[in-house]
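What follows is a pair of complexes built around subunit A, which joins subunit B in one and subunit C in the other.
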Partner chain A sequence: MAKPKLGLYWAASCGGCEIAVLDIHEKILDVAAAFDIVFWPVALDFKYSDVRAMEDKSIDLCLFNGSIRNSENAEIAHMMRAKSKVLVAFGSCALEGGIPGLANLTTKDAIWNYVYKESPSTVTKNGGTYPQTHSMMPEGSIDIPEMWETVKSLDQVVDVDYYVPGCPPQPEQIWGVIEYILSGKPLPAKGAVLGATDKTCCDECLRERKEKKLKKFFRPFEIQTDPNECLLDQGIVCMGPATRSGCGALCTKANVPCRGCYGPPPNVTDQGAKMVSALSSIIDAQDPQEIESILDQIVDPMGTFYRFSLAHSILRRVEKS
Partner chain B sequence: MAFEPKIIGFLCNWCSYTGADLAGVSRIKSAPNVRIIRTMCSGRVDPAFILKAFQLGADGVIVMGCHLGDCHYQEGNYKTIRRLPFLRRLVKGFGIDPRRLRLEWVSASEGDKFALLVNEMTEEIRSLGPLKLSVHHEIQQPVAHH
Partner chain C sequence: MRQIKIDPITRLEGHGKIDIFLNDDGEVANTYFQIPELRGFEQFCVGRPVEELPRITTRICGVCPEAHHMASAKACDAVFHVDPPPTAKKLRQLLYNVFFAGDHTLHFYALGGPDFIVGPTAPAAERNILGVVKKVGLEVGGKVIEMRKRTQEVLKTLGGKQTHQVTSLPGGVSKGITSEEAKHIEEHCLWFVEFGKFTLQAFNDIVLKNQQYVDLILSDAFSHKTYYMGLVDEQNRVNFYDGKVRVVDPDGKEFVKYSPSEYLENIAEEVEPWTYLKFPFLKKVGWKGLVDGKDSGVYRATPLSRLNASDGMPTPLAQAEYEKMYSTLGGKPVHATLATHWARVIELLSAAEMALDLVRDPEITGTNIRTIPTEIPTEGVGIVEAPRGTLTHHYTTDAKGMVTKVNLIVGTTNNYAPISMSINKAARGLIKKGQEVTEGTLNMIEMAFRAYDPCFGCATHALPGRRPFILRIRDKDGEILKEINRC
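Coming up: the complex of A and B.
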């Protein structure tokens, strides 16, 4: 029997998800033995045309990382959807926009203006130029992908079968997912989140939790924290209560608050709204003015609460003013 | 056609909803622009409900609960008094005028206050104009990953 076919792709991402796949170490040889890898731009020399020539649904499993940021990302997302039996949104960016999704805090125009005109390291002539999607050369025309105004998650563009969260997904979780698929056991219901649990990050965190009552928030550099006590108890904004577990609470083990990369827990659509809820319950004040002054201490709530999930949140992007 | 504001009102069952009822039985006239959703407590109003209202086309949201100290569940509205100003910051962060989200206390005997607030809010939203969000043009609804 022919080996099942595996495809991997990166759209708007940093490449960390690809490294995470390689971080399963020698087990990658088991993956190579079990699957026929037919597409993996970061590691193997396949062309888009190779995949386009394949029959629809001929790839058994596609792990797709990265958000959809430009027309090329979208084109390949549609292609991989058509060619794959099972399409997995792999990693925070594919799931919910991830770090690139933070671009939804501003506009394409503002980003381009800074990058191509105003940044101190940019030398411009005649006020600077923007990249053109279409340009004519003596040898013919050149087309490059068009950057979108709004960053999208994979499931806002194509139909997605499963989700593997994390920035990046943890290697042992990745191996767990691959092992499960290789075992031939019946696949879970469509839309399931794999490689994670149904509880919040706090459930895996080893720090000791007490009754929370906060009058002051700190940024991590402002205080020396106790390594055994809950960071939130100590006034550090930790995304644990509004984040799905599965990572093993790695960040809090390293004295760093949870950044929320595993996305919202089950049945929560908006991580930021959940975080507002969680923090509101533990702020120890009843006077409106005192409440406002405590809230002032939480610097950049948008960037903190939606660090990975802005593009997949209820409102998806900041409105242009 | 003239703009008619669509306002979602989340009213707590024990005080504000009864207050709205009193406004009704007392035949107090008020603007018809507030669509009321009854919740058991103002503390039951998940911030996601409010964002969802904006996503689905509400021009404004008003949350009404019992006066502080009167909560049927002892401290539900103390959660609300922190949650709403916090959420207002997030709403502002999304580029929405924070005046579109309001928190008020209305007791069961304050039918007149209910009517006054409804009229006030309606006029305020009318002057702000319709809320236009790019998410309104997206077809798909966000789904919770289960």
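Coming up: the complex of A and C.
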């Protein structure tokens, strides 16, 4: 019997998802043995033209990481969708925009203005130069893709079958997903989140949580924290209650707060809104003004509560007034 | 005019693309190396609390998040005018050197290595890590996998996560290590040193004993006389984590030595409309375009540049290899781009030795790991050596430590001009009038940039070194004369 065909691709991402796949170490040789890897730009030599030449639905499984940030990312997302039976949004960026999605707090104009004009090391001549998608050089023309105004998740551009969360997904979880698929067991219902559990990060955290009521919040650099007590109980904003479990609570083990990279827990669409509700239940005040002044101690709620999920949240993008 | 399009070669936080234009005689008229993506970190970091930047900027690069984590943490220390306790600094440096050893391993065996181990013109399907394993045997292949496994384990212990570390924060680190953990890491470090020695031996046996490779390394097509940059300690020895940035001129003479806070007096960036990436250059020399020589502000920041810019290595075994390299290649500085591979494995050994020294330092298990900042935050610059070049993070904040400005000059970006030049020169040297452009030729052009271990290979850098590759040769009307599909 022919081996199942596997494709892996990155769009607007950092490469950390590829490293996470490699971090299954010697098992990568098992993957190479079990699958016919037909596309993996990071590792093997297949080209876009090879994939274009394939029949539709001829790739059994495609793990797609990275957000959709420009015309080229979108073009390849459409191609991989057409060629793949099962398309998996792999890692935070593909799932929910990830950290590149924080660009939805600003505009393309503002980014370009800073990068190509205002930055202190940039040479600005004749009012500045911006990149052009199409350039006529003395020898001929050359092109680059068009950067989009808004960062999107993969499922905002094409139909997605499954989701593997994490920034990056943890290697043991990746192996679990691959093993499951190789076992030949029936695939879960479309839209399922794989490589994670149905609880919150707090359920995996070893720290003791007493759900203390708070009047004061601290920033991580301001205080020494107790290694055994819940960070939120100590006034450090920790995204644990609004984050799906699956990583093994690595950040709180390292004595720093969770930032929510595994995305919202089951049945929650908006991670930021979930965090606001988690916080409002632990504020030690009744008076609305006092509640507000306590919450005001949390600097940058937008960039903290939506650190990874802004592009896929109810807000999607936020224009500063 | 004919146009050869190499699209995509890979990505830099996206993808890279090369256009080669041939004149009617079939000689190279010009080449363009374009970076087609921009994610805008500098802009969307504005408004964030500065202490979060070591956890946000890691996502610039998932292959070298450690470099951004450290440059960012050092910039944060400077913003808060705080000096981390010695144990914290040593823990950061231990993490950083272990990372360097692992990262250089990946490049040597999986990216740059296949060109030498399997051969530059070997069938493309074999020019990858699996081909390397086939050629050198499972035992050696297993060693490489084990090296990665061990380094990743140490990075997880020290950094909290093996990718996208979380433990550095303004004034220190969030967690220390126990003496048992230190003992365990020490065993790994001993293994890393052995692996470093083994790798240098492999380089010697596979590359240096092959006259064809030595000729290739020393050939004019792969050479540029540029300025060289690298971080050095007080004795001008290579240091990856700390020190001053030293720049030497194409003759190897010190041109400038600057502190992180002085980088803007020394570095500026030129914008070209045909690419998303800017071209950094030495401000005091000036931008003369994509040319080498003393009058051009183009500089390189690579493993070879670091060795060229230093007076030696900080550890004994690596120092001996440093001396051997320069005596073999005819003294300092070395301009041969492909010698960067040699410099890289010397650095691998040095990083392993450094890590071993650090983990054996009694202070490494100290419990004073944080200085709580008390001063009002303002502005700060943090510089480390990323494996692919000098990495600068510059932050300005308001009085509450909320970021108002971020400027980043990233490892590979330093090398954008020289990589473009290396591609151009290799193409001119290798594509000859009347000769067919073969896949082997194209791979050798790729070798010109692969030596830089560029971060547009951020991910490329992770396993076997070949990318999807479409090459079309067109006539001047745009008609396709020939299409080469490389696999």
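Quick note on the criterion: the second predicted complex is superposed on the first by the 316 of 321 C-alpha atoms of A that agree within 3 Å, B and C clash if a C-alpha of one lies under 4 Å from a C-alpha of the other, contacts with A are read in each partner's own complex, and residues count from 1 in each chain.
Note that contacts are C-beta pairs under 8 Å (C-beta built on N, C-alpha and C of every residue); 3 or more make two chains touch, one makes a residue touch a chain.
Not measured: the values here are computed from a predicted model.
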Problem set entry | Of subunit B and subunit C, the chain that contacts the larger number of subunit A residues | C
Exercise. With the two structures laid over each other on chain A, which partner does A:A254 touch: subunit B (first), subunit C (second), both, or neither?
Worked result: second
Exercise. Who does A:R316 touch here: subunit B (first), subunit C (second), both, or neither?
Worked result: first
Problem set entry | First (subunit B), second (subunit C), both or neither touched by A:K274 | first
Seminar exercise, completed: After superposition on chain A, the subunit A residues reached by both subunit B and subunit C are none
Seminar exercise, completed: Within their complex, subunit C touches subunit A through residues 1, 3, 8, 10-11, 13-15, 17, 19, 21, 29-30, 32, 34-40, 42-44, 46-49, 51-52, 55-56, 58-63, 65, 76, 80, 124-125, 127-130, 142, 145, 148-149, 152, 156, 159-164, 166-167, 169-171, 174-175, 263-264, 267-276, 278, 280, 287, 370, 372-373, 394, 400-402, 405, 407, 409, 458-464, 466-470, 476, 485-487
Seminar exercise, completed: Touching subunit C in the complex, subunit A uses residues 10, 12-20, 22-23, 25-26, 28, 32, 39-50, 69-70, 72-73, 98-100, 102-103, 105-106, 108, 110-111, 114-116, 119-124, 128-132, 135, 137-140, 142, 144-145, 147, 167-168, 171, 219-224, 227, 250-251, 253-256, 259, 299-300, 303-304, 307
For this session: Provide the residue numbers of subunit B that touch subunit A in the complex, in ascending order.
Result: 46-48, 50-52, 54-55, 68, 78-79, 81-83, 85-87, 89-90, 93-96, 132-135, 138, 140, 142-146
Seminar exercise, completed: Listed in rising order, the residues of subunit A that touch subunit B in the complex are 95, 150, 155-156, 163, 165, 191-193, 263-264, 266-270, 272-274, 276-277, 279-281, 283, 285-286, 288, 291-292, 295, 301-302, 305, 312-321
